[in-house]
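Let me give you the structure first, and then I'll get to my questions.
Each chain carries a letter (A, B, C, D, E and F) given by its place in the written order, and its residues are counted from 1.
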Amino acid sequence: MLETIYVINPTCTAHLNHGIDDAVAPLRLKGGPKIETVMLASAGPAIESQGDSDAVAPLVVERVRQLAARPGAAAFVVACFCDPGLHAAREVTQLPVFGIGESGLLAAMTVGQRVGVLSILPSSVPRHWRMYGAMGIADRIGGDRPVGIGVVELESRPDAVDRLVEEGVWLRDSAQCEVLVLGCAGMAPFEAELSRRIGIPVLDPVRAAAAAALGRVLLARPAARGGH
Amino acid sequence: MLETIYVINPTCTAHLNHGIDDAVAPLRLKGGPKIETVMLASAGPAIESQGDSDAVAPLVVERVRQLAARPGAAAFVVACFCDPGLHAAREVTQLPVFGIGESGLLAAMTVGQRVGVLSILPSSVPRHWRMYGAMGIADRIGGDRPVGIGVVELESRPDAVDRLVEEGVWLRDSAQCEVLVLGCAGMAPFEAELSRRIGIPVLDPVRAAAAAALGRVLLARPAARGGH
Amino acid sequence: MLETIYVINPTCTAHLNHGIDDAVAPLRLKGGPKIETVMLASAGPAIESQGDSDAVAPLVVERVRQLAARPGAAAFVVACFCDPGLHAAREVTQLPVFGIGESGLLAAMTVGQRVGVLSILPSSVPRHWRMYGAMGIADRIGGDRPVGIGVVELESRPDAVDRLVEEGVWLRDSAQCEVLVLGCAGMAPFEAELSRRIGIPVLDPVRAAAAAALGRVLLARPAARGGH
Amino acid sequence: MLETIYVINPTCTAHLNHGIDDAVAPLRLKGGPKIETVMLASAGPAIESQGDSDAVAPLVVERVRQLAARPGAAAFVVACFCDPGLHAAREVTQLPVFGIGESGLLAAMTVGQRVGVLSILPSSVPRHWRMYGAMGIADRIGGDRPVGIGVVELESRPDAVDRLVEEGVWLRDSAQCEVLVLGCAGMAPFEAELSRRIGIPVLDPVRAAAAAALGRVLLARPAARGGH
Amino acid sequence: MLETIYVINPTCTAHLNHGIDDAVAPLRLKGGPKIETVMLASAGPAIESQGDSDAVAPLVVERVRQLAARPGAAAFVVACFCDPGLHAAREVTQLPVFGIGESGLLAAMTVGQRVGVLSILPSSVPRHWRMYGAMGIADRIGGDRPVGIGVVELESRPDAVDRLVEEGVWLRDSAQCEVLVLGCAGMAPFEAELSRRIGIPVLDPVRAAAAAALGRVLLARPAARGGH
Amino acid sequence: MLETIYVINPTCTAHLNHGIDDAVAPLRLKGGPKIETVMLASAGPAIESQGDSDAVAPLVVERVRQLAARPGAAAFVVACFCDPGLHAAREVTQLPVFGIGESGLLAAMTVGQRVGVLSILPSSVPRHWRMYGAMGIADRIGGDRPVGIGVVELESRPDAVDRLVEEGVWLRDSAQCEVLVLGCAGMAPFEAELSRRIGIPVLDPVRAAAAAALGRVLLARPAARGGH
């Protein structure tokens, strides 16, 4: 039976699932693990505060615990940039668990020396700096700039991309960042346009984390199973 | 009406309340704020993992929200060394909220250059290092040594103090720590004996945080209210 | 006999004493320690350079030594942001000694993730960065901005508050600070207005240090002495 | 045409190629990129000094330049723990280039808070610390311990694994590491036994880097190409 | 026989030798070591990328090895700000080897708390940040600002000095730097004018490194040889 | 008139002057600056505490101010490892001032990646860590180990060198230091024997600082004055 990577959308916003599904589609290969996006029906519609993040963490952990018991369960991705429940989830399963904040930032560290983060709300920024400190990578962060547009508005606001470009250009020019990470799930659709307009790589952290999960799952296979 | 500082024992272990009550007793002064210890009946008996901490965080936040609405509510102390819900609690009230991990460590930084932490279980240590990193004070931490005795066993195990002394001496001599912090709530009764036997100051973080809360509450009074 | 906390104004500027006295008034409680402000008659009128700070340090230490011998002496606060003599004073007494720089910054670290400092003269800034480094907290400092007005002029200059607001707004918006510390003693009268106009908490470090001293003195009392 | 990931063995030691080929075999999937190991015939037999690393760096860069021109070239892995030529290679191609030191360490950072490194020779250790500093992750490194056995001897020395276990146990117990990285290419065959005997995860950095390359290559495919 | 300090100009640009020769002239004293500038004929005309730096590193090491065998060889200076081959050169000789990046920055750290770097091209900046990290001094670097003028153009471009002044003033005022280092060899002729116009010390790193070499060579003499 | 470098022995212990004089003798060259050791008659016999250091700092500054007015005064060295008065002295003169702690550590950073410090008394160690933090180089310090022998006893105690070797070997083997600095003035006579017995370079910081001063003074000469 093929392995399954579960990408946990820690909100009850169903259409985020579709965006994630599309974003990770290139990681689905014949013979490779399945990638399934699951939603937390009991969660809120978005995570925009430390309180939202704390509230959803136990739900994430519980879902990981349940899914880990399913046949073929192989890895988990927590699809919120502040990685709610990440470390607790690692306690309830031996299977690898990835947070999109952690994995997005680490992936960016293989692309450029100074990493910038494009955040959603100003109130996220201190929470992010705590995460950079906890990860021990604060010296690699050139800046973290919020656009001041809530995650649910992001798609409907016609100026969203312009604002992201504006802050991205600031990070590139004034903070000398060589690569940017989107500081929120669900922004994969902007990845290509932002990279092009800002002129440096912009990474969607959900895709980065799912890719990390894919690699880890494959490496866990017995070597004999490989071959080309 | 006098202000009240609420010390939240984020467990359902009632006798911890009494220990905390005794430990903070010297902070109760005529004309000063009341200090009241509250328990979380719906919480577990102890916090010994990231999962325990994540699980209790929303309960802490909710309790802070409720208590903040009471007349005279003035400050909060979250009495678990990993500070569950601390930053989220700060979002739901303008009143000051203190975590015993944060406040205990910061108090120790006014006593000695290198701070050691006496922890309970080995599994706490990585969680603590994430906290030191998030606080940006990892360079001040000389070491964090677990005694390998669970929090509930601590009182009943006859060798508990000896083990704490053993690790404390190691932190003093091999890690050059000048001051130690007890990495858990409920250890105030050991404070004096440990200081004496280890030979350097040992701080109970609950008392440190309650003292910080007392100061902040008094400073919020209109200056005219003061006087001797 | 009640304990006494001595706040040492390490200058010969007498009216600073009155400001400090007023600022710490809310910390004086019935049954709590006395708080007494003492001046150093042999010191200079202000501390505006490393040389001023070095010159006054031995005087501070000597005064601590003398005061520590008085009956009831319980704690000391050195009321200059660069904490002259702080560590040496800790060598001459077992009683706790607090520096307003150290205590002000640590208090701010319980209020916001990125701490900004409002300094007086540009020449103070490198001295402050050495202190942040020695404290191991440089990663928490979002910025340190001088207003370019000497400490003695501060009260007479009509534009002083406007300049402080200007730099405070810069620290809030451009350096993403969530809390500010006044980088000098004697600025308590500005605390409230600056907090209001800048829109984030602004802490007077003298009050923060005196509050830390109050807590430490109370905790040193035998537990039985407490009670409400 | 399928993409090719080139794993560059920056030595002339041919049998290392076979080890790498076997180690990355599970990453070869139907429909996924090819993974081809290439050797540098003009390089030396092993990289055991800064001089060896510096000498081979331009050869790595030149090989990357040549390979990048081949149809289907998609990503590169430099298979030496000190990442010779990594940053220069990134200048000669837009395709992603991964160093096994960088990728191995970053992968370990998703497994445990404190990362230990099992190195070959004592003289490697300062070179590694420079790399950890340059990567801005030194605070995550619990220790770097050499076994004192040269890379070519490693297979023939009967005590090699015992020495690796000995140092690994030290890193686990005395340095509180939760995960180890093998500080050298060609050690994949030891990975499983070391993990089992040391009792914490041990990562082969070549496999970690190849997995990172696989993910990046897949994510560069147009989304429509995906599907399951 | 007198000792010789070899300053290695790691380019084939002969006239740089003359500039270096002039710049270090004051370090040549009767009875002191000779200082000889050598060029690498097989190197390129300038080092403006990580690739240039990697390419020249083995040539530097080889030249150091050859020169170290000459009678009287006493110390080496590698005259490129990114210190190509520095650590490898230290492996091939017991004689001291200095890099101008390393020595220039360390010298600046004895002049001011926050050090700024005036760089040539924007692409140098990430390379420099890796060096600051590897050196463990990133917290002392206030900023690194490129003027965007290639090293060969520098002398012919009439606006070069104005651009350097412009960035230097920014580093002084916006990044609170107290001292600047020229982030490239061959800029000694600008040192005095830049210091004067920017108003803070500006250090040529070649001179700083040659001075460090002079001191080390003299200290290696038997004490009896000294005297005035 | 020739320049003079003043090495200030910040104690009243005259025979330390002779040791310093001998130690820096090789830096005295025909045509080079004079190096003169001056004692502070009003200082104490040794600096073994923060209090000693604070007490002597203003005396150092005053002496620098006086000496700077002498014709030919060119540079100053403060010959105590905790650099009393260093930064204040830099305020009273435009001439360069070097501290042996600062200069000794920076010199060691050009010799090895991890620097160890051999200290005198355990009580010095926290003071040193504050200095490493203020200098922003704490990540380069592998360890600081005291031998527990006071500075005045050092010459008379027959076991002094053995104790220094013992701690030095620990720093080399357990802390992976590649170079050691003597954490006190007046230990130059031990330098050679310690280097030989410990097997890694051991630097006397007085000599390192005097060498730095020599270089700076020569570089301040007009270029035309040079020549060989």
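For this structure, a couple of remarks:
Everything that follows uses one rule, which is that a contact is a pair of C-beta atoms (placed from the backbone, for glycine too) under 8 Å apart; a residue touches a chain by one contact, two chains touch by 3 or more.
Just so it is clear, the model here is predicted, and its values are computed rather than measured.
The chains that touch both chain C and chain E are A, F.
Path length between chain C and chain D in the chain contact graph, taken as the least number of steps between touching chains: 2. Over half of the residue-numbered contact pairs of C-E are shared by just one pair in A-B, A-E or C-F, which is A-E. Farthest from chain F, judged by the mean position of CA atoms in each chain, is A.
By number of C-beta pairs in contact, C-F leads when B-F and C-F are compared. Look at where the CA atoms of chain B average out and do the same for chain D: the two points lie 43 Å apart. A separation of 25 Å divides the Cα centre of chain B from that of chain C. Contact with two or more other chains is made by residues 127, 130, 133, 135-136, 138-139 of chain D. In terms of which chains touch, the assembly is arranged in some other way, matching none of the line, ring, star or all-to-all patterns.
Screening every pair of chains for touch gives A-B, A-C, A-D, A-E, B-C, B-D, B-F, C-E, C-F, D-E, D-F, E-F. Chain A makes touch with chain C in their complex at residues 122, 125-127, 129-130, 133, 138, 144. Interface of chain B with chain F (complex): residues 112-114, 139, 176, 178. The touching residues of chain C, counted against chain B in their complex, run 22-32, 34-35, 96, 98, 102-103, 106-107, 109-111, 135-140, 207-208, 210-212, 214-216, 218-223, 225-228. Of all residues in chain A, only 49-51, 53-55, 57-58, 61, 84-85, 87-88, 90-92, 123, 127, 130-131, 133-136, 138 touch chain B in the complex they form.
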